[in-house]
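Input: structures, listed below.
Next, two complexes with subunit A in common: one pairs it with subunit B, the other with subunit C.
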Partner chain A sequence: MEILIQQLFNGLTIGSVYSLVALGLTLVYGILHIPNFAHGALYMMGGYVTLTMMTSQGMHYWLAIAVSAIVVGLLAVLMERLVFHPLRHAPPIHDKIAAIGILLFLEALAQFIWGAEYQTMASPYGQIINVAGVTLTMQRLLIIIAAVVVMIFLYVFLKKTYTGATIIAMSQNREGANLVGINTNRVAMLTFLISGALAAIACSIAAPINLVFPGMGHLVITKAFVIIILGGMGSIPGAIAGGYILGFTESLGATYISNDYKDLIAFVLLVLILTIRPKGLFARGGH
Partner chain B sequence: MAAFFKQRNVIAALIIFAIIFPFITNNTYFVHVMTLSFIWMIGVYGLNLLAGYTGYLSLAHAGFFAIGAYALSLLTTKAQLNYWVAFILALIITSVLGLVIGLISLRTKEHFFAIYTLCVGYIIYLVIDKWDSLTGGIRGLIGIPGPGNIGPIEFTTPVSNYYLVLFFLLLTVLVMYRIVHSLTGRTFIAIRNSEDLAQTIGISTMKNKLLVFVISTFFAGLSGALYASFIRFIGPDIGYISITFDLLTYLLVGGIGTLSGPIVGTVLIVWVSQQLQFLQDYRMLIFGPVLTLLVIFYPRGIVGGIAESLMKRKQKKQAREEQLVMAKKSVAATAASNENR
Partner chain C sequence: MRKGKFQFAAVMLMAFMLLLAACSGGGTKEPASGGETKGQDTGSGDAESVNIGYTGPLSGPAAFYGERTLNGIKMAAEEVNEAGGFEIDGKKYKLNIVSLDDKYLPNEAGSNAKRLLQEHKTPIVFTPHSGGVFAMQVFNQQDNFLIGAYTSEPKITESGNELTVRIPPRYDGYLAPFTKYSMERFGKKIAFLPTASQYGKDWAEKLEPYWEEQGGEIVYNTSIDFTKDTDFFTIITNALKEKPDVLFIGGASEPTAKVAKQARELGFEGGFIIMDQAKLDEMKRVTGTYELLEGSIGVMPLVDSDEAAVPDFVKRYNEKYGEDPGSEAGLNYIGMHVFVEAMKAAKSVDDPHKIRDHMQDGLDNLADDKKIYDIPAIGDDGGFEAELVVGAVEEGKIVPIPAK
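Our next item is the complex of A and B:
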């Protein structure tokens, strides 16, 4: 029983990180209508920027995360301006390949600047707490809290502010949004900014319990794809729910099925879903 | 002069160059690099037919490459089969797996297909990496035999290996040429241009997509099998997504959806990488932006770019000639009317 609770808690932790990454991905999907393969690289850059700010600048953990969110957000905006904007009328295969090009570049860049070795990020919250026989580390608890706070912020921003409404309007219908006077270019840049910042925050809060290395984005981004297909491409509640579903499935699968193959669970899940529903779980419209 | 550069002459010259290449250079390292790039080319051709001609970007290509390589290695080392029997069996295994995976994955379209195959690629990689008892896990397999003798012909020297791979490459190019210029090839292109339209005019898109997927995996397997017996040891890394990205880079630089693109792109990048050996780990600092810029400015790569500019020049020339004819006519007409007056 204790193991189960422990694993559910772990699932909640991993799920929070997955949800944040998937949220950024799904927001961009709403604007671009392509899967942004470079999102994993943004995630990785977020981890490194936070780490550098903490080690070389001696910044406090939360301040470092804030800087990282801004830096990576701007990087994402740059990406939109330089690559995706010129490609907006090209066939979808081009955006995908361009995104892969960015991914390869950023990974090589990270390796060039920070080296290929695995690095640990020291968190100021290493304490261990015991709640009803379950051992938790403070960091894991913080991941959950931070993720939920970010999600609430994002929700309020999207639902209650005018700027947030423009993002939703544009993901619903780009031309329509343009017609009612929304500056679609600005909204696209804003969306990329948010998506980059979300990736940076997700990586920075997860890094203390994982490691920081150039290829760290690969698995996370692929799983984020699984999540947004699970939750419906472009759907925000879907991304959050999908993230937690995958988090729970993985942590339970790792305990009760096989720890070696736990990374396979997500992919097998996706393969199963797409096998049964080729257009995703919540696809709208028929063939 | 222009006639000298006709397609047929260029192809003949390239083949002759490829044949005498080992005699021109006495450097076995160059022969080694060239053989390796030929092996990659075969895989790139498979990807080209699927992504370039049919418009389905498969990110599981390295997975099938690895399946071909591992099938050959396991059949020769663990099952102790004759090399060529194992070789053919490896190709059959890869194609059958391609058929099964294609049957399922081709139900999806566009980015769903890309993500699906990305996941399939990961699954293949993870299975190879974790299935320790069969694949040797992260240690990989060693002691893979080189190509066996065919009658009196032995493949023990690097040069003989070079010719064997060259033979397979030429065969691949020939098959690709025949496919692309056949009705089937046109069907693939029709599917790329508009799947709905293709279906409307009575093309069974699923059957054709499945066919092209199997062909593509077949060549990935062929390239993998040749790789395994050329390098003699393999690890799970060859199934990793970065190999797919490498192949994609070769294809894109050369020209996606062109027949000579895979050759141009692979030779160019493999040689440039050799020159930039000190950059090994950082080569993507250059190739990543190159890939992105190419897609923005030259979406059809070097070959496509050249073909386009040639076409434009031809059109311009034609237009100029037409203008000249028109001008002459008008001059003649004025002269005639002057005379009449």
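Our next item is the complex of A and C:
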């Protein structure tokens, strides 16, 4: 029983990180139909910016995360302006190639600036909490809480504000949004800004339990793609649900079936869900 | 207009790619520092340069490892050059290290070695991974070059290749001291959580039968993929469920340290057997203190070694690269120096067979200030027969453990 609760907690922790990453990916996909392979690189940049702010500027952890979210958000906007915007009329394959190009570029850039070695992000929340045989660390609790808070914010922003509504409008119908006077350029930039910020936040809260290194984006990006396919490409609830489903499958699958096959279990689940619902759990349209 | 935009983007992408190539430093030549203009070698005319090849991971996830191994070789070469090079039959020679990036891939290492031979006529090619060594062993005897192999994989010297020199000790030498220490101090139940690399699997396969032969029991056996897992809590929870006394962990030092740390967070109080790829001192940089690693047994960190030449070497390395050297740098450093001494004894800089035949002289002639490891002999198989130095963490300190 203790093991089950512990593993549910572990799944919740990792699922929160997956969800945040998948949210940024699904937002961009929903609006611009770009599979942004460089999203993992933005995640990695987020970790490095937070780390640098903490070590060289001596900033507090939360402040550093805020700075990082802004910096990486702007980086994503820059990416949209310089690369994806000029490619908007090109065949879709060009976006994909460009995204891979950006991924390679950002990874090499990170290695050039910060070096290739593993770095540790020391979080101020190292305390260990033991509740009835279940080990929680403060940082892990924070991951879960921060993810939920960010998701609520995002939801309120998209549903209750005018700017958020323009994003949803554009994801429903780009031409239609344009016709009713929505500035699609601005919405595209805004979407990339949010997507970059989400990646930076996800990485900054997850980095203290692992390490910061140039290849860290790969840990999450393939899984994030699985999640958004599972949840329905472009669907926001799908990304959240998909993230937690994958997190729980990994932790429970590793416990009750086999650790060596835990990735296999996740993919079998994907196949099953897609067989029953070919467009994913939350197929898009109407929101 | 559309076409113009696309062309612009394509040019941008090309520019990115070029910048990437420039940043990653793949294929760049490292000029011999010290240079020929320093004028220390007055009298004997201009020194000729001997190209020494290196292929290793200089970009990608293992780049830091590749850089550290290369640093050791470079530092040795610079010392030789700064001392005015070395002399054979009245002729002066200096070293020039030519390094190529192989991204940790055996096939790339193979083609790099070909390139080094054809373009730079390197008599010796260093590589820090067993895959690269295997790839080069396919043709190194025909193409006539020595492999400076930085890998503790025993198989590379068991194949009878005459031109392979294995620099570190074989890892199977660690099985006995590690097992004995951990069983006596903690108990007979072990859980296996090494890295999911080929090297980790080979290690586990050697340790498994040995541990069981000694009357131990393996209660959990899996591996952790550091390239895929963000969090190790799940896997460690499952391992600890079986109540092991000892955990076998390993891989690159930093993620291995995270595994140890998370195991402690989950309440594990036993010992760790640490695969030789990870180094206790590098792990400490992540955990902050040795207390967390109490009861770990692993390779003795170079900085804690009691060889007389070590403190000075650590100081010089620190001045140059701004960090403490590990055995990656140290063993390659001593390896390079031994090769130079062997060239001197062989009176040849371009005959790999002669150089290989004089490796023992090279070890014997090594100056005392270079002896950061005690390597008395080279075996017939081409492996350095170093004294195994094993260290364990006891009460927050590293103590040497007799390997025999």
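Operating definition for what follows: the second predicted complex is superposed on the first by the 255 of 287 C-alpha atoms of A that agree within 3 Å, B and C clash if a C-alpha of one lies under 4 Å from a C-alpha of the other, contacts with A are read in each partner's own complex, and residues count from 1 in each chain.
Note that a residue touches a chain if its C-beta (ideal position, glycine included) is under 8 Å from a C-beta of that chain, and two chains touch if they have at least 3 such contacts.
Fair warning: this is a prediction, and the values are worked out from it, not measured in the lab.
Visitor: Once the shared chain is lined up, is A:Val220 touching subunit B (first), subunit C (second), both, or neither of them?
Guide: In the superposition, A:Val220 contacts subunit C only.
Visitor: Now for A:Leu274: first (subunit B), second (subunit C), both, or neither, which partner does it touch?
Guide: first
Visitor: Per the contact definition in the header, classify A:Asp263: touching subunit B only (first), subunit C only (second), both, or neither.
Guide: both
Visitor: Mind working out whether A:Val83 is in touch with subunit B, subunit C, both or neither, as first, second, both or neither?
Guide: both
Visitor: For A:Leu142, decide between first (touching subunit B), second (touching subunit C), both and neither.
Guide: In the superposition, A:Leu142 contacts neither subunit B nor subunit C.
Visitor: Per the contact definition in the header, classify A:Ile229: touching subunit B only (first), subunit C only (second), both, or neither.
Guide: first
Visitor: If you stack the two complexes on chain A, which partner ends up touching A:Pro35: first (subunit B), second (subunit C), both, or neither?
Guide: After superposing on A, A:Pro35 lies in contact with subunit B but is clear of subunit C.
Visitor: Quick check on the superposed pair: does A:Pro92 touch subunit B, subunit C, both, or neither? Answer first, second, both or neither.
Guide: A:Pro92: touches subunit B, not subunit C.
Visitor: With the two structures laid over each other on chain A, which partner does A:Gly101 touch: subunit B (first), subunit C (second), both, or neither?
Guide: both
Visitor: Residues on subunit A in contact with subunit B in one complex and with subunit C in the other?
Guide: Residues 83, 86-87, 90, 94, 97-98, 101-102, 104-105, 108-109, 111-112, 116, 218, 260, 263 of subunit A touch both subunit B and subunit C.
Visitor: In their complex, what parts of subunit A are in touch with subunit B?
Guide: 34-35, 83, 86-87, 90-94, 96-98, 100-109, 111-112, 116, 218, 222, 225-226, 229, 260-261, 263-264, 266-268, 270-271, 274-275, 278-280
Visitor: For subunit B, which residues are in contact with subunit A within the complex?
Guide: Counting only subunit B, the residues touching subunit A are 51, 55, 57, 104-105, 107-112, 114-116, 118-120, 122-123, 126-127, 130, 241, 245, 248-249, 252, 281-285, 287-292, 295-296, 299.
Visitor: List the residues on subunit A that touch subunit C in their complex, please.
Guide: Answer in residue numbers: 3, 6-7, 10-11, 13-14, 17, 82-83, 86-87, 89-90, 94, 97-98, 101-102, 104-105, 108-109, 111-112, 115-118, 120, 128, 130, 135, 137, 140, 206, 209-211, 213-215, 218-220, 250-251, 254-255, 259-260, 263.
Visitor: Going by the contact rule set out above, which residues of subunit C touch subunit A in the complex?
Guide: 2, 5-6, 8-9, 12-13, 16-17, 19-20, 23-24, 59-61, 63-64, 67, 222-223, 227-231, 233-235, 237-238, 241, 252-255, 258, 262, 265-267, 285-286
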